[in-house]
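Labels for the chains are A, B, C, D, E and F, by order of writing; each one numbers its residues from 1.
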Amino acid sequence: MLFSKIAMEDYITSFLIEDTGFTGDITSSFLQGKRIKAHLIAGESFTLAGTPFFNKVFELLDNEFQIKWHLTEGQTVYEGDILCSMEGKETALLSGERTALNLLQHLSGIATNTRRYTKVLEGTRIKLLDTRKTTPGLRYFEKYATRIGGAWNHRMGLYDAVMIKDNHIKAYGSITDAVNTVKQNVPITVKIEVEVENWPQLHEVLNVKDKVDIIMLDNWEISEIDRAIEFIRNKINHAKIEVSGGITLEKLAELKTKDIDFVSTSKLITGAKWVDISMEVE
Amino acid sequence: MLFSKIAMEDYITSFLIEDTGFTGDITSSFLQGKRIKAHLIAGESFTLAGTPFFNKVFELLDNEFQIKWHLTEGQTVYEGDILCSMEGKETALLSGERTALNLLQHLSGIATNTRRYTKVLEGTRIKLLDTRKTTPGLRYFEKYATRIGGAWNHRMGLYDAVMIKDNHIKAYGSITDAVNTVKQNVPITVKIEVEVENWPQLHEVLNVKDKVDIIMLDNWEISEIDRAIEFIRNKINHAKIEVSGGITLEKLAELKTKDIDFVSTSKLITGAKWVDISMEVE
Amino acid sequence: MLFSKIAMEDYITSFLIEDTGFTGDITSSFLQGKRIKAHLIAGESFTLAGTPFFNKVFELLDNEFQIKWHLTEGQTVYEGDILCSMEGKETALLSGERTALNLLQHLSGIATNTRRYTKVLEGTRIKLLDTRKTTPGLRYFEKYATRIGGAWNHRMGLYDAVMIKDNHIKAYGSITDAVNTVKQNVPITVKIEVEVENWPQLHEVLNVKDKVDIIMLDNWEISEIDRAIEFIRNKINHAKIEVSGGITLEKLAELKTKDIDFVSTSKLITGAKWVDISMEVE
Amino acid sequence: MLFSKIAMEDYITSFLIEDTGFTGDITSSFLQGKRIKAHLIAGESFTLAGTPFFNKVFELLDNEFQIKWHLTEGQTVYEGDILCSMEGKETALLSGERTALNLLQHLSGIATNTRRYTKVLEGTRIKLLDTRKTTPGLRYFEKYATRIGGAWNHRMGLYDAVMIKDNHIKAYGSITDAVNTVKQNVPITVKIEVEVENWPQLHEVLNVKDKVDIIMLDNWEISEIDRAIEFIRNKINHAKIEVSGGITLEKLAELKTKDIDFVSTSKLITGAKWVDISMEVE
Amino acid sequence: MLFSKIAMEDYITSFLIEDTGFTGDITSSFLQGKRIKAHLIAGESFTLAGTPFFNKVFELLDNEFQIKWHLTEGQTVYEGDILCSMEGKETALLSGERTALNLLQHLSGIATNTRRYTKVLEGTRIKLLDTRKTTPGLRYFEKYATRIGGAWNHRMGLYDAVMIKDNHIKAYGSITDAVNTVKQNVPITVKIEVEVENWPQLHEVLNVKDKVDIIMLDNWEISEIDRAIEFIRNKINHAKIEVSGGITLEKLAELKTKDIDFVSTSKLITGAKWVDISMEVE
Amino acid sequence: MLFSKIAMEDYITSFLIEDTGFTGDITSSFLQGKRIKAHLIAGESFTLAGTPFFNKVFELLDNEFQIKWHLTEGQTVYEGDILCSMEGKETALLSGERTALNLLQHLSGIATNTRRYTKVLEGTRIKLLDTRKTTPGLRYFEKYATRIGGAWNHRMGLYDAVMIKDNHIKAYGSITDAVNTVKQNVPITVKIEVEVENWPQLHEVLNVKDKVDIIMLDNWEISEIDRAIEFIRNKINHAKIEVSGGITLEKLAELKTKDIDFVSTSKLITGAKWVDISMEVE
């Protein structure tokens, strides 16, 4: 998993604190703490994602909590499926239920939505990418979920890859200045991507073509994309090509035959809805 | 605002850390830091929500950053509207852009979605409520956004009100035992709500009616709700009535003439999509 | 217990850090760490409170530490009583002794002091309440101890109930404005209390009586309280009545026959002294 | 002040969080935030202590908050005195009031109580010392208050001086082994104190007398103390002498003529009660 | 700078806490806090590095502290040079002196040591790289200092680039399995490097050559390196070549004429010594 | 060990976070996590130091990790020695390797360097001391390592002993004022040291000689040191004498016959280089 264990546990602890504050769960705290059983039921069809985080919620509340999953991460779930059987302290179960389900429903929603897009590209070598448009505080969870849905991660944050966009070009003065300055300073392991919105920008990339690893065609007309691809493949032949901007399922279908490497869209995450899962105490 | 200033700033700082890690923004860090101007443009119509958090992102990165909003929190925004004008250090602007927009787009999406529901209840005394189904780590932001959209907050967490649900009834043995035990232990300022799913449960509430502040009719047929309301108003007359479960815009229209106090639905948050806003450097 | 397990452990960890700093316990650290036995002896009579926190101190220092209590939380202890038997690593025992005893002596002092007050009200339906006058950093521990002493908790902090006091009335302009503004904004689960100091204020409460859950008569003459109670019961019949201000054991005895719901006093905590307990290594 | 500025601000921030949680001050948050004035009034006579912390509470909430003290730290205050005049944002004033007063009332109570003891020793060279019996989480505040009351600080924690007590002697096997082992390991700047409860222990100190900086006579009969002092002054002449155990005002009066260096008692802190101070908005 | 401002300030705050604990600077705290002047003097020749961190120490202690540098970051300093003039609160100056100097002396030592190596490669296109052998807790400071000394950063941590070493090959079973598995999982912006120790490993890289961005020749005989370079340039022509293992100034001189991209050595940091700088109050 | 267990674990956790960020170890995370064996080999001769921290790294990553040391802390290690055998999860081993080795190599380097100095003083009663010139963030680790190398710790930070240096004398106005003011304020357990650079300063110490525990002769000519010692022993006979400033192995040899208590030098730490240790998976 692309998530440090230490960071992940810190996040989930903070989610529990968000819900319990100082006073704790004032509905369940006065129970004896006997062990009880429960299970999860799918209220609709979806792609399951987030089970390691779901497990961690209860592990943090009761280190003898047991969860047995009947379906695995990434599997398609159908309405009425029993997803898992659980057994643990009643106080842990009742206090952790909402936090654990919120994670599972949100992340499964993202995986489910992502799969709608990745299916379109099946059979091609084009990789579908997520973006940095993620819910603040949930970046690493949501990027985990897009992978479960079949997508690939673009950079994780501002710190692990360079992406020169329109606003950076304005601030640095030109693509040439931006790429040269950045390349001069970043670790040698960092890839550099440039977002180009038009032909003049694409031509300017030639000045620094050896330093550019990925070229993103942002919001280009489908009709222009073929010419742009041809230009890049001829002039800057080692660079990867990414297409982005207003990606719909229809547009994706049009792109699947192109000689491109990546398509990226924030919609995998921002257009997702929670799936329906409920917990039943036995 | 129902959000401690200290807690809010800690959250937003953590969102920036999530995006910048240790190494920082490796695309913008090598700029000189001169002051530049930018503005936000609405890419569609929506209800604006989250401006205080948007401001805070940039205040944390540059304490002389200036933002002038042309529209106010909660106002309806139309496609093409210039939302605000900004001026500050280029490094702050470029590094904070995504985090600030992620918050604004997500929260405006929730406010916009919420308003669709609250409009249905306009002219009635019924209050629309949110729930604890919120994105982990964003509870207080999202509950802020539902208020901007015209809804009211239900309890903020497990710690500030008692809600006895089906699973609690099983764990405590009965509604009577659950309410009595909890009431015996919680602060005297805490309200107690009981979720009832059927007539036997509603009858059992009579045992402890003086201790119950809110009765939630969970997933009742519309056809049964009138009888339940009448029963409650006659027997437990001080209690507030909340209706929940599968609330759609249609169902809400049916409920608006009932003698109830609250309708609650997680859909305000879980069914929302991000709105389209972009930042343009001048 | 009205204390989140995560928050409680964080607090106790910080208490240990306060005492050990970076360098640790420089008197005990050079011992081998062999297991030794010890016990606690009561140096006077008191009400025992704080044993879960006492246990947690040693659990954090040695996860195989064993403590067997011979008396239970809330029980009356007499001079010379052996409170518990302990066995664990000598380094844990010696390093944790002071922190653990400080908690136990302070909290037992509060429970003991509280019981002096709650005894007066025995046989009545009036509940004795604590306040927010608590030692900074120990709020949730001290409010735990008043409960052990037989009192009930008033609100836990500024965040979980509304209390409109003299200074709020001045700031909002009037009781009416204060209650209306607050009620319009807070979660529907929040109770609203108004502190009234005189008849004009009590009369003004009629303007917003449906929104007020508790009326506190602050510093009223005993002679006036009966009239005030009658007024409230007639005009605002659903509201609870709290009496506060200069509560002594004598004043409490006078109040016990009144038709009131709550008496509150900060003296449970601010007037308490530590009880005498010592640890003896065997 | 013996308190790191960073640590002090972290503590006070945590005190505010304890009171405001995530949701904040739900009674005051809906005010406009206009500037208002207030003052503090003494409800009884006492020694003023804690003003720097009182100031810090409001500085953290409103960095333009102004407080003008009419009396200075350590001064004797009389009932009815106006302690200070304040002006700042109404939201800051109302939200910080309780936390700031809790600190001031608690710490002034300790300074006041301490002064009762230190007065007895006036005119002598004997220093009155506090101990590590402090309220968990408030160690550095309370030890600040005892100094304001005229006492001196004993060690701040387990980390900055060695104190070999009865339980350490048992664990190490003997005073000789304890002192030798510890001296071999601690920084050369650390002082070593040995607590002796009887003549055999005092005689044993001779084995390691060059390594012992302070000898504490713990719970010795007044009648024996003179002989012990004479013994120490003759045999271990560089060591300081501390007397401890059951120190009352009467016992202190008896000790004031002895040739000792220190008297220590936890009662300065554990026997203190809060003083009466109230805030009045103008 | 490749260092998030938030992270950097958190680190430096923690360095101050390390030195001041709870009690603070007990030698300087009792000064009035008047403003004084001081300057730094170089006790030897070196490359200056760390001035932004030096400044931050004092900014955190006194936000009106002023430092004027007479030499700039990366410049060569000679014995007796006045590096900067400072003016600020005496308490800030005395409490921050050691922490600020420790950073400056340590980091200038690294920059100075690094420059000895980078000088050898001057006039070539070969970049000298640091490694992950850095002092725990100082990674981002030390990697900053190597850049000041003219080197380039290799990956910052385990999270931002893949490096498959001998132990990974053993764990995954083969280079082929390691590269394929990793490539299948990491973000598309991540570069993959493989460390090869011998000819069979180098030949195996051919299986996955399209997925490998950098090949590191680890501990190869100088005599074999030419053949290895030729092999790589012919077979895997897009990959960068890094040479590592036992790099001395002599070995570096031998490597400078080779057709390689990078030489890496931990010695830049692990072989550095602190430079001599002292602060003089005027 | 002079290191609080809580503080030590927090530090080592932060070292792991520094290396793994949010995304974790992207080279090893996709392994199954099977148990593997490894061992450490010494690449040169040195004094072993840091094994408890090395162990803790792996314990934090895998609580069933087993390490068996064949040599003990402080022992001399020879090139080719197998230092320890390890067995645990492959992911833990590979992710923790660098952090654990960085600690061990750095700290063993300090112990090794320290031993070169302490050997010179063998057979004398003079103690070699470290200073506060330590790598920021590693103070307590490095002071641990100097002890392993046979040195003694001077004060741990600014908080646990008073050291009046040249700059303090300027700020307070004189040695007399500095010592008197400080002595009046610090805990009675704190030792006071004065650094004297010349005869007038040494004479001035007579004014406050009863308050001074240690006199440091800073940068005195060897030829003058004998006279200074004689002066101190005659006039201020209880004070300890510390010699510091430009301590080399040669100077140390000259000092070993003097009647002094301590010699201190920052070179133990600032002049150390990392030792060569490597890990081999079996």
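Some points to look at:
The criterion applied here is as follows: contacts are C-beta pairs under 8 Å (C-beta built on N, C-alpha and C of every residue); 3 or more make two chains touch, one makes a residue touch a chain.
Predicted model only: the values in this text are computed from it and were never measured.
Think of it this way: of C-E, A-B or B-F, only one pair shares over half of the E-F contact pairs by residue number, and it is A-B. Taking only C-alpha atoms, you rotate chain A by 120 degrees to land it on chain F; that is to the nearest 5. Each chain gets a centre from the mean of its Cα atoms; for chain B and chain E, those two points are 46 Å apart. Once the centre of each chain is set as its mean CA position, chain A and chain E turn out to be 32 Å apart. Averaging C-alpha coordinates per chain places the centre of chain A 53 Å away from that of chain D.
Shown for chain E are the residues in touch with two or more other chains, namely 2, 4, 18, 20-26, 29, 139-140, 156-157, 159-161, 185-186, 190. Taken chain by chain, the contacts link every pair, so each chain touches all the others. By the touch criterion stated above, chain B contacts chain F in their complex at residues 18, 21-22. Chain A makes touch with chain C in their complex at residues 13, 16-17, 20-26, 29, 61.
Chain B contributes residues 1-7, 139-140, 156-157, 159-160 to its touches with chain D in the complex.
Considering their complex, residues 11-12, 14-15, 18-31, 36, 38, 90, 93-95, 97-99, 101-103, 105-106, 132-140, 157-164, 166-168, 170-172, 181-182, 184-186, 190, 266, 270-271, 273-274, 279-281 of chain E touch chain F. Every residue of chain C that touches chain B in the complex is listed here, in rising order: 2, 4, 127, 129, 147, 152-156, 159-161, 185-191, 193, 214, 238, 240, 262.
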